[in-house]
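After this come two complexes, each holding chain A, first together with chain B and then together with chain C.
On to the complex of A and B.
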């Protein structure tokens, strides 16, 4: 029961809202928890035990940690046991077969271990997301930034709140936990705004992401049959599809929570207006970026080893080398983790390394960049450079997403190589695009839909919030706009006969 | 008092908003449904086209209705049934048709037809991925029944379209003379006591279909198309058990494949997933004998069915050519593999 499907939108969500409304305020958290676990059960059946087990484990560890003073060895040890247990489980369910495959590959090269059979392990939905939230809770308690929670229901809701189950956002304990158990009454404004956000999410997903699915599938599956320009287009299409899909689902998720008066953290902030790769990652899948920054980057940069190295390097090699090396020390685990977190595939690991290299290059080339602006007298704030930097970032994004979506690293590398030969720009108008399972009308919907989202994002970038403006209009105008949005989805959405809609992409990670 | 007044006003506004929404959905549904009735563009209608063809059939002209997924329209050929036995039939099968859609298709048929026999191909009974998926299918079908715009929304693409791909179907049967034989049938229908159960949501849908057939006096027959890719003894056992419990006739053509003369090297178009014209000819011959035994009327020569005479003659000449082609392709492949 994915968030974009009618059983969720027309039955499950309204039913939970009604049950929530009918429950006395003090018991509403139990209604939310029961609904969340029912939702999880409907998606993953008995694998719900993983979530419940994680919740009990983390809850008890939190209580045990409380008994020891901050920074004490037992407290740290308990936190360490917790993190090892959580990541151990994640590694077991998601990565066992990946490691077996590696061992077998190495084995076939001479060690004789090449016959270890793969295991049939069922992966519970959202384990990558709730595991990070559970680790976040333990670390926050360990560091004393959050107290151990005595309310089991709150911990359970923090890890399993149903709109977040499949794709996050990955909240920090302080972001959402208290809101989840407040039992806030339902307010018409929240329900209205949440519903509009849900329809907006459906617009992005069903008009653009789902419609692009046939073309993306065709290009990535049969990449050997296409020349360079079409391969380049595959990267553009997938980046567009992923943005519309993931941000669209996030709109549905955040809109669903908003109906209950719960504010979840945003996961996107107009990422295609980024001027650098680093900025892109501050705007794209924000909550994963924040998690990595908070629980990997900062602990590494503030560790004793890093401090010692910094002191030594500054003295011996100067400030620049110290800065660059410390950055490399912290970025390497962040990006290795980011790549691996997406799943046990070499192209995801490559994707992490790709951004590690790019971000490190940004650090290394900083003095060159400053020198360039100084010598030429150009202002980096001029519209030309602004646009140039945005387009350059697009190239980085499209290339990265091509590797990310490719059917394996080998396919990704082959696709990348093919961009540099047989590049025929004429593919854009010679009819090649119409052989990807999409007709001219499909492209018209994709272009108009993307233009609508672009204008919306552009206004948001300029701090103009469309729905706030709409809410100030008179009722007939407001309703007419909402009806237009609903009917755009109903009529122009890519669903039903002849369409293969894309499954929730991030739910697979 | 003021609060109550405000609450009333909010309630009224919500009701008004949804009433208008429902009204707009009804209006657009009517518009799209009418468009669908006149649409013959297969590229847009896709799997919905069979429903429109079914609705376009002359009232009370169909004696045998065939339901199911792609296995249905690759096993029963209505024109052959007519040509050789004068039996009028229609295959209301769709690619990937699930049981909720099968039930819907029966409802559509019953609006204009009173079939005497309903043949239900059983692959649809295993289509849902569990009860949850079955519920989702039912919900989607019900929604499309209330608001057909959800089913025919894609017809906006017809605007300004000149070169439409006209639906080519012989009362639901799709001609196909490709040959791609089975690589192996070693484990096909190997004996086992295992039973593959049909989900209770699907059983419920089957129960409804059975009841509807009973209400109009039609005989419901379950049948499994010969298909090494889709069938095994586990499924056969599950279906036989279900048929016994529900007291429905069940014919498993997988157990009769040899008797029917199915040659898995030539009679399948996709390595044992579906039959081609040669395979379908043989299964249709079998159904002809079953249906004739049930005493269905032979309409040949009846002036009211003159069109059937002309169409079936045309169809048979095409099919005979296709079968000859398949046999020569099969012979060619056999020669090539023996070299």
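On to the complex of A and C.
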């Protein structure tokens, strides 16, 4: 029951809203929890036990940690046991067969271990997301930034609130937990704003992302049959599909929560206006980036080893070398983790290394960049350089997403190589694009839909919030605009006969 | 060291990292993405040396780095 499908939008969500409204305020948290676990059961059946088990484990550890003072060894040990248990489960469920495959590959090269059969392990929905939230809770309690929660229902909702189950956002305990159990009354404004946000998400997903899916599938499956320019287009199409799909689903998720008066953290902030790869990652899948920064990057950079090195390097080699080396030391685990978190595939690991190298290069080249602007007298804020940096970042994004989506690392590398051969720009107009399962009408919808989202994002970038403006208009104008959006989804959405059902991409991670 | 002297020293350190920012008027250095995490790493190293404090991962929250005032408050707390 994906968030963009009718069973969720027309039955499940309204049913939960009604049940929530009918429940006395003090018991609404139980309605939300029962709904959330029912939702999980409908998606993953008995694998719900993983979520319930994780919740009990984390809840009890939180209570146990409270009995020991901050920074004490037993408190740290309990937190360590918790993190090991949580990541151990994630590793077992998601990566066992990956490791067996590696052992078998090494074994076939001479050690004799090459016949270990793969295991049939079912993966519960959203395990990658709720595991990170559970680790976050334990660390926040260990560090004393959050108190141990005595309310089991709140911990359970923090980990399992149904709109977040499939794709996050990965929240911090302090940011959402209290809201989930407050039993806030339903307000018409919240329901209206949440519903508009949901329709906006459907617009992005169904008009653009799901329509592009056919072309993306064709290009990535049959990449050997296409020349360089079409391969380059595959990266552009997939980046666009992923943005429209993931940010669209986040709109549905955040809109669903908004209906209950719950504010979830945003996961996107106009990422295609980024001027550097580092900035892109501050605007794309924000909650994963914040998680990595909070629980990997800063703990590494503030560790004793890093500080000792920092002090030594600053004295011996200067501030620049110290900064560059410390960055590398902290970025390496962040990006290895980011790549592996997406799944047990070499191209995801490569994707992590790709951004590690790019981000480190940005740091290394910082003085060169400063020197360039100083010598030439050019302003880095001029519109030309601004646009140049945005387009350069697009190239980085498109290339990265091509590796990310490729059917394996070998395919990704072959696709990348082929971009430099037989690059015919004429593919854009010679009819090649119309042989990807999309006709001129499809492309017209994609282009108009993308242009609409671009204008919306551009206005948001300028701090102009479209829906706030709309809400200030007179009722007929408001309704006309909302109807336009609803009809656009109903009439131009890629669903029904002629379209394949498209699973949520990030729900697979 | 008085609080004003402390703020002056912190501003000096910040200007050494990036002199294009008006630190006296900025109150959302982190929330508005004016300082990034790489700048924060350099800043933390300098603050530790200058004030003989130990900044840990627990202190790495936006509210400790959003303005010179916030940083001075954190330094004061860690010196105590």
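Just so we're on the same page, the second predicted complex is superposed on the first by the 508 of 509 C-alpha atoms of A that agree within 3 Å, B and C clash if a C-alpha of one lies under 4 Å from a C-alpha of the other, contacts with A are read in each partner's own complex, and residues count from 1 in each chain.
Note that in this section contacts are C-beta pairs under 8 Å (C-beta built on N, C-alpha and C of every residue); 3 or more make two chains touch, one makes a residue touch a chain.
Since the model is a prediction, treat every value here as computed from it, not as a measurement.
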Exercise for the section: Answer with clash or fit: chain B and chain C placed together on chain A by superposition. Expected result: fit
Exercise for the section: With the two complexes superposed on chain A, say which partner A:5 touches: chain B (first), chain C (second), both, or neither. Expected result: first
Problem - Partner chain in contact with A:323 - chain B first, chain C second, else both or neither - result: second
Exercise for the section: Considering only the touch criterion stated at the top, classify A:310 as touching first (chain B), second (chain C), both, or neither. Expected result: second
Handout entry: First (chain B), second (chain C), both or neither touched by A:144
Key = second
Exercise for the section: With the two complexes superposed on chain A, say which partner A:14 touches: chain B (first), chain C (second), both, or neither. Expected result: neither
Fill in the blank from the handout: Value for angle(chain B, chain A, chain C) over C-alpha centres, in degrees, nearest 10, is 170
Exercise for the section: Give one of first, second, both or neither to describe whether A:493 is in contact with chain B, with chain C, with both, or with none. Expected result: first
Exercise for the section: Give me, in Å and rounded to a whole number, the least C-alpha distance separating chain B from chain C in the superposition. Expected result: 38
Fill in the blank from the handout: Touching chain A in the complex, chain B uses residues 10, 13-14, 17, 20-21, 24-25, 28, 43-48, 132, 135-136, 139-140, 143, 149-151, 153-154, 156-157
Handout entry: chain C-touching residues of chain A, taken from the complex the two chains share
Key = 143-145, 278-279, 282, 293-294, 297-299, 301-302, 307, 310-311, 314, 319, 322-323, 326-327, 330, 363
Problem - Residue numbers on chain C that touch chain A, as the complex places them - result: 33, 36-38, 41-42, 44-45, 48-49, 55-61
Exercise for the section: Note which residues of chain A are touching chain B in the complex, please. Expected result: 1, 5-7, 10-11, 42, 188, 439, 441, 475, 479, 483, 486-487, 490-493, 495-498
